[in-house]
Amino acid sequence: MVSLRVKTARRTQLLDITREVQKAVAESTVNSGVCTIYVPHTTAGVIINEHADPDVASDMEAAFDQMAPREGNYRHAEGNSDSHIKTALTGTSQVVLVEGGKLALGRWQGIFFCEFDGPRERTVWVKIGADRDRG
Amino acid sequence: MVSLRVKTARRTQLLDITREVQKAVAESTVNSGVCTIYVPHTTAGVIINEHADPDVASDMEAAFDQMAPREGNYRHAEGNSDSHIKTALTGTSQVVLVEGGKLALGRWQGIFFCEFDGPRERTVWVKIGADRDRG
Amino acid sequence: MVSLRVKTARRTQLLDITREVQKAVAESTVNSGVCTIYVPHTTAGVIINEHADPDVASDMEAAFDQMAPREGNYRHAEGNSDSHIKTALTGTSQVVLVEGGKLALGRWQGIFFCEFDGPRERTVWVKIGADRDRG
């Protein structure tokens, strides 16, 4: 398991971490397998989506803020119930296949750390499981 | 694969099953690997989120009921289309890394079974995959 | 890794691909393991939900279109920001356990490719990882 550090700058922020995860895959020397990206927080998640046009991430940030508004009739006293709800919507992990020693991402896909209660320093765990030899 | 039984008490209920999954991991004797938690239902899911303050789960239950209201212009005649939609939003599985024979959860993270059409008796499948020996 | 081709007919469409994934599992000759279904697109996802009554899929399609409306105050100029948002909500992968050489799905569960910017020809990657022998 590799631990990555992520530093976010805004309360709601989708941050492209594809390069860092790719590096962890390369260093694992696994040729073929499955990469699990896991966020050990309860107000931050991870998604896979387009990272070519940064406007896509902006639109998704706005959409999450609209689906779970910051102000609401919440019980939890810390003022971040919306952050927990957004995390439930994105999920705390993603899996990506590994082929030829690299993340097998689609042409437009990147991996985004999803900050929902920033700015903060955060952690992402990456584990690369090798395929079992079958021969 | 281990099968857990879960008994829910309300129509929408987030139920903390961390202890039961942890027990399955301990009994598997896997030291390092990946734990998959899978819900074989179509009106119940599973998420990972804060389980320190129960108000967080309450707020998430209310948020799901607001995002997919029970009454609506639905075609499906069983009166639980909202339950299917909520399940699509949470997902039916989660993965958690296993390190040192235990679930590698973040400090505030717990695993919640998400009942969206209760009260009912439900099933959760847990599978712990060991890392491949590489030496 | 097996690559499946999917052809969608509408802009928003949940398409049952259970049979195709089941076939890939059978051909893998893996008896016990984990099947990962991965969508390499940024405007299409995958979920597991009821496939007995097609009205459930219709209701979910309508719900996604309501949660992320096509028209909105979006920055991304391609007119499909809603498609990216819906993809973030469903996720781009699902895992299903494999037991006895078959997908271990719940009684009512099927695997749905989620088209959010169709109609198009799409790709789905399926990888079946075998359990490690422990004896």
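As written, the chain order gives the labels A, B and C, with residue 1 at the start of each chain.
Just so we're on the same page, a contact is a pair of C-beta atoms (placed from the backbone, for glycine too) under 8 Å apart; a residue touches a chain by one contact, two chains touch by 3 or more.
Note that the structure is a prediction, hence the values are computed from the model and not measured.
Visitor: Line, ring, star, complete or other: which describes how these chains touch one another?
Guide: complete
Visitor: Counting residue numbers used by both copies over all numbers at the interface, does the chain A-chain C contact come out same (over half shared) or different (under half)?
Guide: Answer different: the two copies use largely distinct residue numbers here.
Visitor: Give, as an integer number of Å, the spacing between the C-alpha centres of chain C and chain A.
Guide: 19
Visitor: Can you tell me which residues of chain B touch two or more of the remaining chains?
Guide: Residues 67, 89, 91, 95, 129, 131-132.
Visitor: Write out the stretch or stretches of chain B touching chain C in their complex.
Guide: Contacts found on chain B: 1, 36, 38-43, 67-68, 73-78, 81, 84-85, 87-89, 91-93, 95, 123, 125, 127, 129-132.
Visitor: Considering the complex alone, what residue numbers of chain C touch chain B?
Guide: Counting only chain C, the residues touching chain B are 33-34, 47-50, 53, 55-56, 58-60, 62-64, 67, 89-91, 94-97, 99, 104-109, 129, 131-132, 134.
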